[in-house]
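One chain, subunit A, appears in both complexes that follow, with subunit B as partner in the first and subunit C in the second.
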Partner chain A sequence: MATSALRLENVDAFYGDSHVLQNVSFELGEARMLGLLGRNGAGKSTCMNVGMGLLSARRGEVSVFGEPVTKLSPEMIAARGVALVPQGRRIFRSLTVRENLIVAARKPDAGSKHAPWTIDTVFAMFPRLKERSNQMAAHLSGGEQQMLAIGRALMGNPRVLLMDEPSEGLAPQIVAEVMTTIRKLKESGLSIVLVEQNPNLVFDVADDIVILNTGGVAVVSTPAALRQDDALLRQHLGVF
Partner chain B sequence: MSEIFSADNRLRFIALAIALAVLVSLPFWVSGIYYINVGSQILFFAVFALGLNILVGYAGLVSLGHAGLFGISAYATAYMLQHGFGHTSAIMMALVVGVASMALFAVLSLRSSGIGFIMITLALGQILWGLAYRWISVTDGDNGIPVRGRPAPFGYSLTDPVHFYYASLIVFIVAVAMVFIFVRSPFGAALMGTRDQPRRMNALGYHVWMIRFYACLFSGLLTAVSAILFVYYTNFISPQTLSLTASAEVLLMVISGGPGTLLGPIVGATLVVVIKTVVSGFIERWNFLLGAIFVAIVILMPEGIVPGSARLWRLVTRKRTAAPPAPAATTERTP
Partner chain C sequence: MNFWIVLTVNSITFGGLLFLLASGFSLIFGLMRIPNLTHGSLFMLGAYVGGSIVIGLFGFKLNFWLAAVLASLTVAALGALIERFLLRQLPGDQLAQVLVTLGISFMAADFCLMVWGGDPMSVATPEGLGGFARAGGAVFPLYRLAIIAIAVVVAVALWLLLDRTRLGAMIRAGVDDPDMARVVGIRVSQLFTIVFALGAGLAAFAGIIGGPILSVYPGLDQDMLPLALLVVIIGGAGSLLGSFVGSILVGFIYNFGQALLPELAYFVLFLPMLLVLLLRPQGLFGRHVP
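Right after this comes the complex of A and B.
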């Protein structure tokens, strides 16, 4: 069996008294991309927060490369090679582009198979960020902010990248640019969870698909199989 | 390299050189010891404000108890000297006590941020003020502790006000350089990250509490340094130095000048010290004037004098030039 990069097993999570995730289980294989789909409020971002340790699972287990991280703090999970590109970018608006990247820099693990990400390699991937390296991040366009959020996550030299709706609020042309970047990251061997509302974007790049519905896993499948099943997509995503 | 010699940076270097020349030559063109002493006060209060600015401006933690920490270091110096220790021992002890007290402050107050942090620091500051008043066997209560003499490093006696001014200037320049390096370092960026988005910093692998704790220690160090200069300047320390008004005053220096900027606390300290010591000689109700100035700053430049002036300057220069400025020029951080 292939190594699991990230695994959520029978996870229950709450916001106060609201039972948001109910018995959620899914697995991200190493060097694979998992598309996490679902309607608004289905629990996609909550899964990302649980994976990153920003929200504690009240029941169940979360593991990274086989190591349990359920009770660990976010900084300890980050130290194990997990990085989050959060919904809404959440860049540091009062820092320059360069400072946003520097602040996230972390040396790769000793046994890492990937070439390390540095400020130069991030700038090579996003030349527009290099042009604006001394500019305050607050003054970037939405697309540039998204590039910065991705670049910032990469500076941590992660083994697992959690991307929460990277296309949100972006113009179609910019979305295409972001998706090209995501494809390159996948090709580099990074294990990625891509959360999206738009299934077409995910089907083009993901290896596996998990659809969440009202806090639980409704479907585990592949893009090829789901493309054939309009009824299933209509039922859980309300599209097609 | 071209970045270093850009027009903006050239302008900054020229301004810095002029400011340094003015500060170094001050005793030659200012008439009377009184104004040289005012200069010394501006310098060490600026160091105090720079220390508080680390927390208020860069960490987003508003402290209303910094006068307590300032007072502890000042009392430590005075107490050591009173008990026959030399200046070196007194200064070293004041630095250690100041930083250790800040560490204790931080452990207690960093349990929360926002209004909780303000209230805990306020309470701790008031406890120290109360101790200064009531622990008479150590502090001599309301009578305070007098300090006799000033040190003479390398045979250069600081009893002379001009010499003391130059000593304060050297300490001030070192403090400004330290803060500049600190703020521009990755740690400084991380600290600002914890101010803007602590949860995000967690997710990036940072221990937010620890970053804030180290920032507190640096702030405590600068506060202790300024307190040592203060106690040697006044040759006296009393509980009044630890009062809530004193904490509010230094906070006003930071807020009026511009929190989160290097120049802001220096400008704020200059404003407050000049009004307190110079303008008060001409205007009986100087407190009223100080209040009116702060109200005007809050209304006209809510971000503080330095960022507010930078904003006005950009508006003026934009109107003068026909072409709109390049985006980078309009969005770089205020010094």
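Right after this comes the complex of A and C.
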């Protein structure tokens, strides 16, 4: 694997007294996509929250391109090039579409290999957002809100993109659109962690797979290997 | 007829003054969920500091407007310190915030009594605004009309700041979802300090601007704080339009209540608050906060 874009090493995390992540370790390679799978409550979103600094790891280390970020605040981690597309979208409902994008704007890092994301390039990727640029975000459909959440994350010109169940609650046609977008982002060289409940969506796009089970890493593998192992998928995901 | 016209102008003037006071209070509560009970004290401190500069109590004299700016900046800095070093330590704990801000307001009242004594301080009307304007048979003090104009200018400036700038959008994003605002890189803690300082500065500005019509006296803080609370409850926390409409409403109810039903002035004043709390707890223009 090339340089590690994001690494969680022996991470333990708690919600109050509840020990939700136990000794979790995995890494996302640069310009690769890691699919993070698991049943409800397995700890997938908690991993995203730890990676983004919304929840502090009580033990272990989180690093971004080799730089420790374990104790940093979300805004400091964002400044290091990590962006989150959160579960449930969590767009700023009382802001317009355009405002949602401009508040998240951050200049790309010096020496960045990627073309910078601007409001124009985000609108080019999501023309429907351009049409609704002056509408309140609360009035968008679920699919449009998801596009806005992705666009908002891209406005931070991230090096690492964390996507927490981007297909949740969307119609199949919209899910297909969102997955096309994710594929484009991967092809652009972005390092991505994709959290999903549905393994088939992830197998189509991810390079590597980590399956969590009850707060710990159960499987580290690849889509090709896992497609051949129905028993393993049944054991950890209850599917196939 | 003149009586009604003058009473109306006085109500709008007082509403304008209340807007300067309550808009900051509303913003602080809307963004930071901090019920800042020092807000009346910040108003009074602004009046005392500004008034002292106007009459040369600190060994130097400035004209009214420069004194108002200096007093506002001083109190804004004090507000920033209160937020950074006290309220920052109590995130999300509204009971503790109420007790701390109430405690600071008592300390501020004692401090003012010690420094300025118990006698009211008169603040002269700024130069050029001591006269009257006549319209029909009615006579209006120019200064009261100036307060209305200042309130409108401040309201427009705040609206432009909040609705037309990136900083304003960031503030509103922080109100919407503070955690997500941090995730997209917004330094919410810095925004909190800026908003608290802005609110404190506006309260102080209202204090000195109100000096020539209210004068400055011990207890001014306790007279003004309930009115600011009233505006925010009626208008809705965090809503600039709510603050504006609430201020004008309270201005009218306060003045007309005192003129027409002096025995029931406070009953008339607080009845709308009771109704709003019962029927629309988030206020006329506020958003429901779960």
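In the analysis below, the second predicted complex is superposed on the first by the 239 of 240 C-alpha atoms of A that agree within 3 Å, B and C clash if a C-alpha of one lies under 4 Å from a C-alpha of the other, contacts with A are read in each partner's own complex, and residues count from 1 in each chain.
Going forward, a residue touches a chain if its C-beta (ideal position, glycine included) is under 8 Å from a C-beta of that chain, and two chains touch if they have at least 3 such contacts.
This one's a predicted model, so the numbers in the text were calculated from it and none came from an experiment.
S.K.: State whether A:132 touches subunit B only (first), subunit C only (second), both chains, or neither.
M.R.: Touch status of A:132: first partner only.
S.K.: Go through the superposed model and pick first if A:74 touches only subunit B, second if only subunit C, both, or neither.
M.R.: A:74 sits against subunit B and subunit C alike.
S.K.: Looking at the overlay, does A:61 come into contact with subunit B only (first), subunit C only (second), both, or neither?
M.R.: In the superposition, A:61 contacts neither subunit B nor subunit C.
S.K.: A:92 in the overlay: touching subunit B, subunit C, both, or neither? Say first, second, both or neither.
M.R.: Both: A:92 reaches subunit B and subunit C.
S.K.: Would you mind checking which one, subunit B or subunit C, touches more residues on subunit A?
M.R.: Subunit A has more residues touched by B than by the other partner.
S.K.: In the superposed arrangement, which partner chain does A:156 touch: subunit B (first), subunit C (second), both, or neither?
M.R.: Once the two structures are laid over each other on A, A:156 reaches both partners.
S.K.: Overlap of the subunit B and subunit C footprints on subunit A, residue-wise?
M.R.: In the superposed arrangement, which is not itself an observed complex, subunit A uses residues 52, 54, 73-75, 78-79, 83-84, 86, 90, 92-95, 99-100, 102-104, 106, 152, 156 for both subunit B and subunit C.
S.K.: If we count contacts the way the header does, which residues on subunit C are in touch with subunit A in the complex?
M.R.: The contact residues of subunit C facing subunit A are 166, 169-170, 172-173, 175-177, 179-188, 287.
S.K.: Name, in rising order, each residue of subunit A that touches subunit B in their complex.
M.R.: 52-54, 73-75, 78-79, 83-84, 86, 90, 92-96, 99-100, 102-106, 132, 134-136, 138-139, 152, 156
S.K.: Using the touch definition from the top, list the residues of subunit B that touch subunit A in their complex.
M.R.: Per the touch definition, subunit B meets subunit A at residues 3, 186, 189-190, 192-193, 195-197, 199-207, 260, 327-328, 330-333.
S.K.: Enumerate the contact residues on subunit A facing subunit C in the complex.
M.R.: Residue list for subunit A touching subunit C: 52, 54, 73-75, 78-79, 83-84, 86, 90, 92-95, 99-100, 102-104, 106, 152-153, 155-156.
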